[in-house]
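First chain A sits with chain B, and in the next complex the same chain sits with chain C.
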Partner chain A sequence: MNTAVQSGDAQQSWYQRNRFAITPWLFLAPAIFFFTLYVIAPIFQSIWISFFEWDGLGEKKWVGMGNYVELMDDDRFYTSLKNNIWWLVLYMLAVPVGLAIALFLNQTVTGIRIYKSLFFFPFVISQVVVGLIFTWFYNPDFGIVGIVWEFFGAKPPAILADENLVTFGIIFAGLWPQIAYCMILYLTGLNNVSPDQIEAARLDNAKGFGMLWHVILPQLRPATFIAVVVTVIGALRSFDMIAIMTGGGPYGSSNVLAYFMFETSLSEYGFRMGYGSAIATVLFLIMLVYISYFLWRMYQDEKGA
Partner chain B sequence: MFPKPIETRGSGAVLRYQLILPIALIIWLLPLIAIFLTSIRPGSDINAGNVFGWPSDFLLLENYKAVFTESKAWLYLKNSFRITIPTVIISVALSCLAGYALSVYRFRAALPLFFIFVAGNFVPFQILMVPVRDFSVQTGLYDTITGLVLFHAAFQTGFCTLFMRNFIKALPHELIESARIEGVGEFKIFFYLVLPLVRPAIAALSVLIFTFIWNDFFWATVLIQGDHGLPITAGVRSLNGQFVSQWHLVSAASLLAAVPPVLMFFIMQKHFIAGLTLGASKG
Partner chain C sequence: MFKPFVRTAAAVLAAAVLSAPASARDLVINYDDLNAAPKEAFETAVEAFKAANPDINVIVNNTDREAHKTAIRNFLSADAPDVTSWYPGNRMAPFVDAGQFEDISDLWESEGWADAMASTMPSMTRDGKQWGVPYTYYQWGIYYRSDIFAENNITPPTTWDELLAASAALKEAGVTPFTIGTKFLWTAAGVFDYLNLRTNGFDVHNDLTAGKIKYTDPRIVQVFENWKQLVEPGYFIENHATMSWQDALAPFINGEAAMYVMGNFAVAPMRDGGLTDDQIDYIPFPTINPDVARAEEAPTDAFFIPANAKNKEDAREFLKFVVQPDVQTEWNKTLGQLPINKNATPGDDKFIQKGFETVSTASALAQFYDRDAPAEMAKAGMEGFQEFMIKPERMMSILERLDKIQERVYK
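Now for the complex of A and B:
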């Protein structure tokens, strides 16, 4: 009996001695398990699958770089890539426009709070709904586009059926919630701008745009950083709107990599999981540039802290 | 404050500003206002070309009732809740534990692990799609709400852990130190000291994740096949096919899909914005 107690003591003291080394892993275990299973491992599995020809059910057939070689010759890939670049570039408009609206709303008149939340509304709504709203807006027969064009006596364009306009139509719809997001980031940022510096700058006769550029914007850098990050991610993740508004059409002209990948691996166009994974890998590599930059910035912050 | 408070420019400027505000808001929300007006007008209005004018008849209750009786909207809404609520609970719980471990303990793997959670949160969905779908098929989780919830919860754990870790890191560390000196066990410190302190973070994360998951469309399309498990976002899409050119009903269904996140936002606004703007004000 005596020995049993002693060994119990020994065990407890072993945990006691090592508790700072062991406890964090106990706390982390469930999160690590799920995150590895559903996020980390699939990234490597996808890259692996991209070297095979696979329909998702039967045997995988090793094709080496075959899928990538085919991709380099695929017009649909270049259309999607080009559209992704348009998304990235034009989506960035959300940042300055969001800032402009935030500056417009950064006042203290009565009722301004409710205005701020109503301006934020588009971000809370599902992109599926935003897509439907704009599909209907763009309808040349009874949408607002039709009405505006007819008001000027012009024949309304069928934006979503026009190969040259369709991507811009979808991006414009996508900007609506994204601007709201950037606006709220800047409103919070403006709230925290140091009043002393503004006063000091005012004494130095700074005002208007000069003040904004030299005094305010440098202080808004954290907000700008986050706004740019979420906008880049939003642009590269664009999927819902395209699925709802055009399904990539007409003739694949509004496709982006995210949708092209889905279409290739999981739709009536065939179940080419290997080829789809190759597209996903390319998209992942593009995103990896931004992820690395973001992590690098975070690392600098951590070192400084 | 920047720009200069409008009050300093006299009452005329304030009046002008207060006049411009509602006009700007109406233009900004025009798409929503239009869709709302459509959802309460009779279908014949649209065919007659009366889309933006005054409705010839107000059919608020009739149209919304029609959505429920003529489609599976009710089932879709119920599914959305059955997907969203468990996801919020699991991902927030997992991230409380993980965030605590990553912020309170000093060990070499802490920062790399934290960065893996952050990086995973940003990857494009498509790089996960084929293996996650395959895994779900193999384990019998494909086409079940459980399968969708497990994936959502795992993926959201990345963002939640980022959030929780930074929140706990900002708490005064002396509190935990002194509890340790008192001889309080590590798990007790977590449950009785840290958990009560992170309640605002839990609230912020819950509303954010609720909105993200409610609005998810991609994963529902990939992991669910039948009506029995489709959430309202995917449901609205199939309603769009079912109610072809019945725009008044499609509009009503779309607005219904938007109601829960909008309500959530209004009720928990402070927490929602605090969560979304995390880091936007840090110097």
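Now for the complex of A and C:
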């Protein structure tokens, strides 16, 4: 053993020669293994199932692109897609509103920590609870919305029973915790804004909106980036709120792809695994567009830096 | 209240301690009703079973009904209990076809159940074999506030015209004729089924749910035309799409609505809500077409033995126990429903008496739209019913959509 070490590189074992290349992979191995097993493999499995007609119990029957052809001719699919777009667009409001609240809270007043926690509170409580609370708010008979409407002498709308209002009602409920999430992202971002630059900007007579737009926001870019990413993903997988508040109803008009998928494959009247997987695949492709765009941008930024 | 709790706690503890080396005579039962009356009825029966079979260690898992509907697909293959509750008809079909339920035709044969439970036997049969035992069924019909009817001098309707007249009179008096909560859809199917059974009869109901009749068939269109006569004048409460059937009890209990097309299980919460038997009453759904033989809805609940059960022998004992006339009498008295064994005595409650009368004189018994039709069709159909109740002017486009789905589902 001793002589081997002394005799130099030629005598080192294969591992010792390659350890700089191998060690990172050894550390990564458990994560890669489980990520492949529980995330990557199911993606392909799900795509594979989408070519079958299957009730989850009996024999699988190969139908090729049949499920996708059916999907293209399914009104429920287009309703869900349309609602998904509404979710994406309106959920983005969480980013500027979150920023506004963060700027408002970014000051040193007595008890500011309490206010911050209170604003952050909706993100901490479960989405299911948020959904339930808003369901009660919206109830035209005993909810706060009904009371306010009646105060002005108007007849309260049944938000969750109206096919034109229901999606917006749910998005509004979903925005409440999402705004809190964006706010906390910006609050941490604001902690890292360099005081020197603000000082310098002040000397150059920058203030108000100009200061925010040209000095603060560029420094908050990482926070904005994350806020947009989590909001996009949050909008696309909006599921719990819909399950709790309407179950996709009335008659499917508040469905989104994620809930439509669940309903088709796993709910009481569903168990069409193939069709559900086809929806999942479409949803995956839509997400992939966003995710690859953001990954590409992140890569560009890293390269530039 | 305290004692049973201690006993359950002790049983749970004992189960936890003993479960490591599972003894040969563990009997695991999965049940699916946490509502007060059904839970009590079930637990009482289990206690009686334990007393009769002291060497069997009964372990009960009672879950919420909706959760059970999803969970059953997992536990049947992954961790099968020895007995599980489920529904007959089309609802048991996927499990029977996949070989997940045990064939118990021999029990039906040897115990003479074909005679004692003749009324429910057809729904428990698939491929000429019996797959489970029923333990209860119940009537549907119109539950109404007899005090409100009396106040406004309305007599309980027996024909369609009388029903429309009664509704108009109630509306006039500021009371919404019907309460309903369609958030979970199936309540609307109850109304549809009755309109269909009364307009066209049992055969059309069966042919429709079997996919042999189109939804745009003139006979089905006629059902919707009749339904329109209730929807368009606003005879159903508003905002029903936001309410569950329990939510919809509130307007009934506080007198804002006077009728409810429901199953007999609604009586218990009505009484809990403070209504006395002098205030509520039951009538079978009124006649629409006098030439149609009267058929009724009587959904049946049943017990099954999973094919993967470990202790099938004791499971069979339990099934035998469940359908015994004395157990049936006791169980359904607590439950407030009808016993399935003809040798059992129905309770002396007036709703049970009237229900027994209604069901036993019916020409045929339907399960329910969502139990007779395949799941996918049922879902789409019930969404259509809900949409119709909100937007009756879309009738034809809804029916055409249902035709399209029907074509695919039954291919």
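Note that in this section the second predicted complex is superposed on the first by the 266 of 305 C-alpha atoms of A that agree within 3 Å, B and C clash if a C-alpha of one lies under 4 Å from a C-alpha of the other, contacts with A are read in each partner's own complex, and residues count from 1 in each chain.
Following the convention adopted for this analysis, a contact is a pair of C-beta atoms (placed from the backbone, for glycine too) under 8 Å apart; a residue touches a chain by one contact, two chains touch by 3 or more.
What you see is a predicted model; the values in this text were computed from it and never measured.
Contacts of A:P24 after superposition on the shared chain: chain B is touched, whereas chain C is not. Once the two complexes are laid over each other on the shared chain, residue contacts for A:V128 go to chain B alone; chain C is not touched. Touch criterion met: A:P140 reaches chain C, while chain B stays clear of it.
Number of chain A residues touched is higher for B, counting chain B against chain C.
In the superposition on chain A, A:V69 makes contact with neither chain B nor chain C.
Contact with chain C, but none with chain B, is seen for A:L160 once the two complexes are overlaid on the shared chain. When the two structures are aligned on the shared chain, A:I40 is found in touch with chain B, with no touch to chain C. By the touch criterion defined above, A:D240 lies against chain B but remains apart from chain C after alignment on the C-alpha atoms of chain A.
Once the two complexes are overlaid on the shared chain, A:V89 sits clear of chain B and of chain C alike.
In the superposed model, A:G56 lies in contact with both chain B and chain C. In the three-chain superposition model, chain A touches both chain B and chain C at residues 56, 266. The touching residues of chain C, when paired with chain A in their complex, are 66, 69-70, 73, 77, 94-95, 97-98, 100, 182-185, 238-242, 370, 375-376, 378-379, 383-384, 386-387, 390, 401, 408.
Put simply, chain A touches chain B in their complex at residues 19-21, 23-25, 27-28, 30-32, 34-35, 37-43, 45-46, 49, 56, 103-104, 106-109, 111-112, 115, 117-122, 124-130, 132-134, 136-137, 142-144, 147, 176, 181, 184-186, 188-193, 195, 198, 207, 211-212, 215-216, 222-223, 226-227, 233, 236-237, 239-240, 243-244, 257-258, 261-262, 265-266, 273, 276-277, 279-281, 283-284, 287, 290-291, 294-295, 298-299, 302.
Residues 1-7, 14, 17-18, 21, 24-25, 28-32, 34-35, 38, 46, 49, 51-52, 94-95, 97-98, 100-102, 104-105, 107, 110-111, 113, 115-120, 122-135, 150-151, 153-155, 157-158, 161, 186-187, 190, 211, 214-215, 217-218, 221-222, 233-234, 236-237, 240, 247, 250-251, 254-255, 257-258, 261-262, 264-266, 269, 273, 276-277, 279-283 of chain B are the ones that touch chain A when the two sit in their complex.
Taken in their complex, chain A has these residues touching chain C: 55-58, 70, 75, 135, 138-141, 158, 160-161, 163, 246-247, 249-252, 263, 266-272.
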